[in-house]
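Next come two complexes, and both contain subunit A; in the first it sits with subunit B, in the second with subunit C.
Let's look at the complex of A and B:
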């Protein structure tokens, strides 16, 4: 296809992506270097019979005028990246020098909002992804053994958790684990502890969000693996059986290697999707104990005063995280591409 | 698969059946429970004393005289104006799907037919864009949109969702177009069609299965979105999902959590119908990228 025709065909799509994905990333970079203007203070002296007192008040009009004249705020360089709410270099080095042990250092790190969010995001990503792949494979093998007639309805039901709006899915779970909800109340009765709450303790909140993530993502892995199982050549399986392979050996040495490329695909998609975990934290009201990087940005943008600079700095750090996650994939694709050309 | 290769030890059959049954309960029970509970009063759905109350509707009978009540639905749809949010969702989703598919088919076709190196790089770029958390993009939109008075309107949200949708749409349609033989449109060009004419008269009539599947996923992305619609739409233009989130803030004190439950069930119903009719397309769409490599 000539370059000119190609350009005309791709133009609308490319324009949309450049305007609303590439430029916003540029806008995030710029915003992250600025902070909001501080309020303009005026000192006024009021003299009464008992002498003069001076009071500082906020000059609302001047503040508004300044903010309207320079909506970006004032230039702050990398200041936002290094402050207490982001990389917190001062606090981290202080903690490093004065910490009594590794445990103490980690617990002090966990008091810093950015590291807390990062820790949860990484834990979530690297727990949910492997569990989802294993669960998906197990369900796919199970469903593959069902009579053909039952498979359709099974897939129908399995698609529900994946396709439901993440916020809605997490709300449904949230109501069920409420102290008055069916799961919450039952757990209290089993544990014999009327104060047991899945929402109060950090560990249980983490567990809830992670379990929700598995419930939500497992169907995707299941469907991909199930479709892959339909294409495993039966000749190879029969040959393995004739050679005396047990069922487990057939799965281990025939089915699993055949599914490896699918597992790579699922892992890639899962890493991308799990790294941006966000709605579940809103739906499960888990923000007090478990925040993710995405939620951190959301709460900066959603507060009474929107902190664009802070949100932008977190966004940049998140994009950096995505880039690190994707690098191995991109390098691999690049190698494949070059091999094909040669 | 031959039956001999498929015959298994009874223990394994039991184990795998139990596993599948367990999964089915885990997958379906929350939905059934919430659907059933949405027709009860709050005292039953959130019953500390005995969860059987939610099944028999003890408090519902005491309060309304009937085992089922539509109070939650009335409260959500009529009192709280959820119908307006549903209407907005309809508009946003409809236009997002139509525009994404138009842009995506043109772009995907070009990517599938161009043999040049930059087509590969565009696809890689799309993959990187696909990985961007949506909220990071939203933090880039907000300030310029405030400055230019674009914030809060439905068309803004629609075009943003279209853009966020493009990377995925391009990948998916690109792989569908690769499966349509090149000879088809090239022979039309030999007969004197321009590239666009051959696309329009030859490719468009045969591309619908791929376009429908891609459209389903565009629909899901737009329908399920929270980050973009919650941050970019003003209160009167809100769609269903952010509206449900804002219900929670206002309804917990009033004891009207059932409004939110009813709204959640209402918003899930279209998705349920979608799977009912398009299960095969959804499954084939999920696997299109994977199985074909």
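Let's look at the complex of A and C:
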């Protein structure tokens, strides 16, 4: 295809990408470099149903003048990225220099919101991703082995966890694991411990969020692998069977290599999705024990005061995190691609 | 959710239309209301909706997410809403950004019947008109306190004694609860306890925070002692959860919002045995302090700055109709109204007792919201026994200071 034709061919999608991806990211980068103007404060008296108090208020006219002169705010460079609510460079280096041992350093690091969230997010990502891929493959093989008549209904039922809105699904689970809920009460009875609570301890909360993540994501891996299974050539499988390969050997040496590109695809999508873990944290009220970068963005933008600069910086750090996670997978794919081309 | 809201509004509107004979006499205009979504606000807005017709249109968006919408919606010119229903915390961002107008002229012209204490004045200008009061206070079960032979607790130390007695008597393992869900709710409990201990949130006249002190540690320690008598799931308890615990008879002592009293005392969701023994009292004091460990809240109406004067006036007058003595009297039992026409009910006595005992209003400071968020994010680890009170308070201070710098409140 001549370059000119190619350009016209991709122009519409290129335009859409610039408009809906590049420009918003550019805007977020710019916003993350700015903080609000200094607020001009004045002392004044405020009165209400419960009496009068002297209080500080924002001087409207003066603050408006500042805002109109520089609508973006004050340029702060990378200040927001490095402050305590993000990378916390000062606090980390202080902890490094004064820590009494590795244990002390880690506990001080975990006391900083960003690293605490990162610890949970990475654990979640690296547990959920492989388990989802294995579970998805296992379900796909199981369903594929069913008689044709049963396959349709089974596929439908297996997909249900993905169809349920994540927030609703996690809320349902939240009530099920309540001390009075069916799972919570059953576990208490099995363990013989009336104080057992899945919502109270950090470890059990992590476990709950992770199990919910696996339950919710496995159908995605399943449906991709199931589609892939339909394209595995039956000749190769039959040939393996004639050669005396067991069912396990046929899966290990024929099906799995055939599905490898799909596994890469699922891994990429899962790494991206899991690094942005969010709904389950809100739905399960897990924020005391498990937070993520996405949860920080939500809490920055929610409520009385919107902290746009802070949310923008966290967004950029999320993009960076996803990029770092995906790099090894992408490099591998690129090498494979080049090898095949040669 | 939407269904219930619509159903609620229609019922309220049906009730209101019977009172429409009162007449609003508004020449015309567009009234668009943004507000929180619960019973008494629905009632008030329904009262304003009764003014619709004859060139006046009234629409309302009542949502629990109103705080996230209000600044953006009122910044637009013309504003998306002509009126916003706010509380003493959510009015602050509107004031900070100059998004609501002074009501002085309209109050003089149309607000003669209002009570003096309904006016929220900032620097001499009326910026909001309050219509209801709210505060967290003590709920207790008289039958269970009788069983253990203890009087009604007036201090949190007595609450601890009573809770231990109830546990020892084998009546309940976890007899106490308060709204301790991580985030806004937990921070509110700390604010209450800290003010009860006599603490100051900021250095006088500045935005520099100072909570890592003896009062702060005492407030946190008391919260942790109380949580020993609360179900281990306490970090997930919001108003809905604690109301359900109360109505199912699982707790005997609780610090809950006064606005929940009507719902708890009505004949829905609970048994006669529980509701007939549910008593309300002032919020307890703490640490030998003289004022209840609670904060006073008001909800009120504000009028957007960026709307035509005719719409602003129509909105104000529609709400004056909703705050008329007849309308308030017809809906007397729903909340603690501040408007004339209200006769206090049993459900209101906890709020009144708390206010009369001298509880402080929730601080209406431009940077209080940032501190509230920082507290909500940083106190749970202490309550779970993972770090010291000093460390938790230092973390909250550091998180606040970082946010306040980025928002321009601190250098």
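Note that in this section the second predicted complex is superposed on the first by the 267 of 342 C-alpha atoms of A that agree within 3 Å, B and C clash if a C-alpha of one lies under 4 Å from a C-alpha of the other, contacts with A are read in each partner's own complex, and residues count from 1 in each chain.
Simple rule for what comes next: a contact is a pair of C-beta atoms (placed from the backbone, for glycine too) under 8 Å apart; a residue touches a chain by one contact, two chains touch by 3 or more.
Since the model is a prediction, treat every value here as computed from it, not as a measurement.
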Applying the touch criterion given at the start, work out whether A:243 contacts subunit B, subunit C, both or neither, answering first, second, both or neither. neither
Is A:39 touching anything from subunit B or subunit C once the two structures are fitted on A? First, second, both or neither. second
With both complexes superposed on chain A, which partner does A:306 reach: first (subunit B), second (subunit C), both or neither? both
Applying the touch criterion given at the start, work out whether A:178 contacts subunit B, subunit C, both or neither, answering first, second, both or neither. both
First (subunit B), second (subunit C), both or neither touched by A:68: neither
Of the two partners subunit B and subunit C, more of subunit A gets touched by chain B
Across the two complexes, what residues of subunit A are contacted by subunit B and by subunit C? 178-179, 301-302, 306
Using the touch definition up top, name the residues of subunit A that touch subunit C in the complex. 35-39, 41, 43-51, 53, 55-58, 60, 63-64, 73-74, 76, 80, 83-85, 91, 111, 113, 174, 178-179, 194-195, 197, 199-200, 202, 285, 287-289, 299, 301-307, 309-310
In the complex formed with subunit B, which residues of subunit A make contact? 1, 3, 5-6, 9-10, 12-14, 16-17, 19-28, 31, 71-72, 138-139, 141-143, 145-146, 152, 154-161, 163-169, 171-173, 175-176, 178-182, 185-186, 215, 218-220, 223-224, 227-228, 231, 234, 237-238, 241, 247, 261-262, 265-266, 272, 275-276, 278-279, 282-283, 293-294, 297-298, 300-302, 306, 308, 311-312, 314-315, 318-319, 322-323, 325-326, 329-330, 333, 337
Could you please specify the touching residues of subunit B with respect to subunit A in the complex? 1-2, 4-6, 8-9, 12-13, 16-17, 19-20, 23-24, 26-28, 30-31, 33-34, 45-48, 51, 54, 102-104, 106-107, 109-111, 113-116, 119-120, 122, 124-144, 146-147, 159-160, 162-164, 166-167, 169-170, 195-196, 199, 220, 223-224, 226-227, 231, 241, 244-245, 248, 257, 260-261, 264, 267-268, 271-272, 274-276, 279, 282-284, 286-287, 289-291, 293
In the complex, subunit C residues that touch subunit A: 67-68, 71, 88-90, 92-93, 95-96, 98, 117-124, 130, 133, 173, 181-184, 205-207, 231-236, 296, 298, 338, 355, 360-361, 363-366, 369-370, 372-373, 377, 380-381, 384, 386-387, 391, 395, 398-399, 401-403, 405-409, 411
